Amino acid sequence: MLIKLINPNTTSTMTERMGDTARTVAAAGSKIILATSRSGAASIEGHYDEALSVVGVIDEIAQGETADAYIIGCFGDPGLLAAREITASPVLGIAEAAMHAATFVATSFSIVTTLERTRIISEHLVRSYGMQHHCRRVRATDVPVLDLEKLDSTADAAILAECQKALSEDRAEAIVLGCAGMSNLVERLQQRLSVPVIDGVAAAVKFAEAIVGMGLRTSKVGDLAYPLPKAYAGKLAEYAPAGLKLRDNINLAALATAVRS
Amino acid sequence: MLIKLINPNTTSTMTERMGDTARTVAAAGSKIILATSRSGAASIEGHYDEALSVVGVIDEIAQGETADAYIIGCFGDPGLLAAREITASPVLGIAEAAMHAATFVATSFSIVTTLERTRIISEHLVRSYGMQHHCRRVRATDVPVLDLEKLDSTADAAILAECQKALSEDRAEAIVLGCAGMSNLVERLQQRLSVPVIDGVAAAVKFAEAIVGMGLRTSKVGDLAYPLPKAYAGKLAEYAPAGLKLRDNINLAALATAVRS
Amino acid sequence: MLIKLINPNTTSTMTERMGDTARTVAAAGSKIILATSRSGAASIEGHYDEALSVVGVIDEIAQGETADAYIIGCFGDPGLLAAREITASPVLGIAEAAMHAATFVATSFSIVTTLERTRIISEHLVRSYGMQHHCRRVRATDVPVLDLEKLDSTADAAILAECQKALSEDRAEAIVLGCAGMSNLVERLQQRLSVPVIDGVAAAVKFAEAIVGMGLRTSKVGDLAYPLPKAYAGKLAEYAPAGLKLRDNINLAALATAVRS
Amino acid sequence: MLIKLINPNTTSTMTERMGDTARTVAAAGSKIILATSRSGAASIEGHYDEALSVVGVIDEIAQGETADAYIIGCFGDPGLLAAREITASPVLGIAEAAMHAATFVATSFSIVTTLERTRIISEHLVRSYGMQHHCRRVRATDVPVLDLEKLDSTADAAILAECQKALSEDRAEAIVLGCAGMSNLVERLQQRLSVPVIDGVAAAVKFAEAIVGMGLRTSKVGDLAYPLPKAYAGKLAEYAPAGLKLRDNINLAALATAVRS
Amino acid sequence: MLIKLINPNTTSTMTERMGDTARTVAAAGSKIILATSRSGAASIEGHYDEALSVVGVIDEIAQGETADAYIIGCFGDPGLLAAREITASPVLGIAEAAMHAATFVATSFSIVTTLERTRIISEHLVRSYGMQHHCRRVRATDVPVLDLEKLDSTADAAILAECQKALSEDRAEAIVLGCAGMSNLVERLQQRLSVPVIDGVAAAVKFAEAIVGMGLRTSKVGDLAYPLPKAYAGKLAEYAPAGLKLRDNINLAALATAVRS
Amino acid sequence: MLIKLINPNTTSTMTERMGDTARTVAAAGSKIILATSRSGAASIEGHYDEALSVVGVIDEIAQGETADAYIIGCFGDPGLLAAREITASPVLGIAEAAMHAATFVATSFSIVTTLERTRIISEHLVRSYGMQHHCRRVRATDVPVLDLEKLDSTADAAILAECQKALSEDRAEAIVLGCAGMSNLVERLQQRLSVPVIDGVAAAVKFAEAIVGMGLRTSKVGDLAYPLPKAYAGKLAEYAPAGLKLRDNINLAALATAVRS
């Protein structure tokens, strides 16, 4: 099974870190292909960074080898529904995967994330995924994403402290880490906190294997059907659906005709 | 990995059918142990049947070999939280697993279940799992659970017809099958319907493997902590927590003392 | 009018205490019959204790004199819907009754309960009963249920302190006591707090009288219809619906035939 | 126990009808006092009629004998919170009482009401009382309120037909009648429909007895505290709180001073 | 364009203050007519004051010059739906306008209001207007409404302090002022707080101009249709719909006949 | 006042149509600048089209004359929050504006939109904007967006028919048109339907004028603060925040430093 793990930001050291986590949990038969977005922001810390990261995510799905599943490795799950339109292979977001995983092992969880300004993005996802009753609170540490790459321990200490507050103040029973860049902290945090600590990268890899293993593919009826063939203009002209080298060998024009009739 | 699949009703032919599905999707390294409840109803079709099925579910977890994960193989997920209290190994319900799986491949789904009277049980689970915005409707076929065991095709036809209504009337983009006894219908339905058809048994097996593969175990902080040691009386005296042969080698009395201090 | 008040735990001193409260508020024509569960836990402090308490609750409804109404005297309302299936006489839970009562005399309330681990059970009931906008917060005192039976005043002081926090921090306008074992504290707390303090036992007795007085009986259409006749196996064989000495003189087999036709 | 049943519209024949229902269900020790609003609309069929009915409701509470409880006999529960401010005796609305009663005997209900234009008023109450998951649908018959007073059976037939649709289409398990003027239909409908049919007048009388029997009075902390003493001008000058002959012998001015300090 | 700004309390100095705000923001072609309620409370600080203020609001709409739009200048939006029934000219509440305005410039806001007892009124409006996810918290200052008229700065300081808490504790990104009497504080608060501060009077004036500018008028289908012609009795006899000098030159009796046919 | 109306699709005839509507409702002092996206899809009919349209929206805000407000002229409101980050001038989406406008003149509305596959996009917005209780239903006509440009009347007839169903089946009291390309139909539909028909383009223009007229600008505290300065790579390198010619003369680097300290 080929799983393509896409880092929607352009920082390859972060991709490598995610890759380490992914390979650690992957099943024997799973091959993880790493991809770092080739366009957009070095870190995603707001609606603007996130909206522009979708182009890079789409590039990685529309190009190269066909994967059995794709993972969007940023806790905002940027471009998730758009990505699901252009392939029938399952596409998973790491925020989505982490929250779903948490509900299997705890009645409640809190999310510990990076900058305060990204907290609202997580709160929107909590509602969108129906996790309002499971998620006690989204907590920001105000640690910038790229500080997670540094060797010093200030960021780690801030994250640990916020997790401890989640346990004592929110009475959370599990912790969801709100950034792909935190995936290397799982083990240490779990030892310190004695509750499940959930990293979205690991969760997405295992759930991708699970969904593929069930033989499920993205529904092509309704809003996730392949994009309708139409003209695209300007610097995005190459993104016209009919021109996309869609991995699924789909003839979009024929499909659209069929759908209309 | 040892996964114990527990049928909370006492009909062993249904257990066998679930077992077939489970083994078909299980990973190479997973061993499925089947268990049919030894007490309670031949089929679970209401709150009463369901409430009494919990005893049999607990028996299967508290006895025999220790499993790495447990699956409760009835679409009402009976005893799920109670079961999670008595072991740190992950416990999954098939309704829970099926609904979560559906959200990874479709924006919306409808549930097609058995008797009208069980529809409310599914509706409660939909709310409890935060699936209100994903689940368009719960549809009953009024096929009794044990009719699913018969060889004639009346039940199958009724289920197919209800699935088709789910697509045309609810505009559902995926179907969740609302009974473990329907797990052998998945392939045929999927071919007829051209949308993802999700069976909870398969979903629970794959998600159990996934959760174990992430190294996650049930949180023992909060409501899912081991039951407090205390006296149990009468015909349930043997269920006193301290007497349970808990698979996790936990000394409940010591644990309780520690928690209090 | 005969009202059977069932204590789902096996501690008869707690039953007596509930009985005192019940008799104090009961109308002249009401006769309260007390029953202490003969199987299960000495106190109910978690999902496991609760799930196993249902057997004892069902025993008390299926046996002895027929009552005009039944009350389940534990704040988790264990087995409420199962109990409603096996009799047409109204069955009330004390959590349900207390919360409904609170809404008639205050715009908001907080629940003050026992162990932290039971808080989630109350929170689930709050949502299940549609009380999210009325209930400001569920507060745990970490007083074990059976400590409420002791004569010393430590538990009482802890409960009073938590109630006071509910008023000052949550701005609650009424207090709902989250354990049947607290029913003897109502008067003292009300004097100290100057807000309505609601005990579920009293509320359930008065609402049972009210429902019976309206001539209402449990709906036998839909999910609360009598259980379908079917085989029950093993140690629960005697619970097979057809064998239940149902108080309502219902011939379940005939009924089921009628329903199917 | 003195229970004052206030008809917020000015049609005394409707008051008499409610009175019949109330007296039929009232306990031996309860005395029902009937009051017909002396100002406002002959029937309440919209927001405008309803808003203006509050004056008459307040008049009936602020005048005459002090009652142990008050009932507002219109399915929109007009002026409920305002009424609760000016007395500590419990005040119940019939919509509120009917919906709460329904939840004790059925998992779901539908409301059958009068004019289509009043449906939204009921829908607002459903949300306000947290009944969204219990109430399957509000159904209008387009029978004007005062047609319920006529002797011919057209209105009755329309109501019965709509109730039947509620059972077959909504799968409702109980019916809540959405107008005080329907209270005389309960028995006939219940016989025809074989499900609980709930009339708010009966429910409110029995719940008023229950609340008084529990010793509960309206919380005077928070939004339901007595109105602050202040000047009232113009044709409503007599409604200035300090001038109200409040039944509770409260000195509002002194109270307000106490509250501020 | 004629916009009638109605102060539902009887304090004309407050009307003047609102008028200043209204005229400051009004477009060149808009004429603001001020009206102070001629009956009811000097300030509206609870359900009782609010319910009785509706009479005065209706008087101002049913009398005098016909306006193109009406504004109800009290943060509880008293009588909003009743007012919408009696005219097709748009009617706006200032709470409604302020909350909607806030969502256009911030993802979240907190409301800072007067007395603690009015907080629940605002919380009800938040839910009623669908603002639960935008409104982080309603904060009371316990400043009485009429203290806002005084020249000393105690009230202002209390309001500023509460706004600052809204930013630091609630992480609100905008402030909604919860009383028409605070409209003169907007500028000063905005300078101090560096976030949008929204006053409902200004918002309602601009949105009234906008709605009129779009050519929209209140829907006369459904619950906001003109009141049905019927008898009104007692001191409210003059409010009978047929007798109302409705600004819209509507013949209610003819209309009702048409609707019925 | 300068209002820039951005068509996120690349079809300039649709921009012209929107412009006609915008100019018709704009106030005397408002100048409407039209912009057609220079990159992306000719019509936006799915998540993929929508996600890629954000680039063109951002281009139009980051370039050219500074506007006092921006309008995103597509009913999915693509890029709304991203756009709000890069300018303090208010940015409005037409779906958002239309739904808010509807709540001022009707208690309920239905949305009539284009392709079935876009229905889910509207349903997400309904929830995101808190309109669940106002919006009765989203109805798709299966008219492709660009068919709205054709001269024949097939599309118009389909839309009228669906609006009529919204009135009779959903009991909607107003219609919200779910596509910018329908803005020329408003007048005709309103005449035929006799309920308010709301077009988002007109609503957004008037609300933009209103928000600017209140002196409100987008909150720069929290998630809508200017994007943090950071490197952008590849084909999106020019979108690095520090390099954006932001209309607000903001020095992002200095700002970020200030925020951190």
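Chains: A, B, C, D, E and F, in written order; residue numbering restarts at 1 for each.
As a working rule, contacts are C-beta pairs under 8 Å (C-beta built on N, C-alpha and C of every residue); 3 or more make two chains touch, one makes a residue touch a chain.
For each chain, UniProt lists the protein as follows: A, B, C, D, E, F = Allantoin racemase.
None of the values given here were measured: they were computed from a predicted structure.
A.B. asks: How many steps does it take, at the fewest, to get from chain B to chain E if each step moves to a chain that touches the one before?
C.D. replies: 2
A.B. asks: Do chain E and chain F, two copies of one chain sequence, contact each other through the same residue numbers, with over half in common, or through different ones?
C.D. replies: same
A.B. asks: From the centre of chain D, which chain's CA centre is farthest?
C.D. replies: A
A.B. asks: Any idea whether D-F or B-C has more C-beta pairs in contact?
C.D. replies: B-C
A.B. asks: Suppose each chain is reduced to the average of its Cα coordinates; what separation in Å results between chain C and chain D?
C.D. replies: 27
A.B. asks: At what distance in angstrom does the C-alpha mean of chain D lie from that of chain A?
C.D. replies: 52
A.B. asks: Taking the mean of the CA coordinates per chain, how far is chain C from chain E in Å?
C.D. replies: 44
A.B. asks: For chain E, what residues touch not just one other chain but two or more?
C.D. replies: Expected reply: 81, 107-108, 116, 119-120, 127-128, 133, 171, 222-224.
A.B. asks: Please give all chain pairs that are in touch with each other.
C.D. replies: A-B, A-C, A-E, A-F, B-C, B-D, B-F, C-D, C-E, D-E, D-F, E-F
A.B. asks: Of all residues in chain D, which touch chain B in the complex?
C.D. replies: These residues of chain D touch chain B: 107-108, 133, 171.
A.B. asks: List the residues on chain B that touch chain D in their complex, please.
C.D. replies: Within the complex, chain B touches chain D at residues 116, 119-120, 127.
A.B. asks: Hey, which residues of chain A end up touching chain B in the complex?
C.D. replies: Answer in residue numbers: 25, 27-29, 81, 90, 92, 96, 100-101, 103-108, 128-134, 167, 171, 173-174, 194-196, 198, 202-203, 206-207, 209-211, 213-224.
A.B. asks: In the complex of these two chains, what residues of chain A are touching chain F?
C.D. replies: 10, 37-43, 45-52, 54-56, 58, 79, 81-82, 84-86, 116-121, 124, 127-128, 144, 222-225, 227-228, 230-237, 239-241
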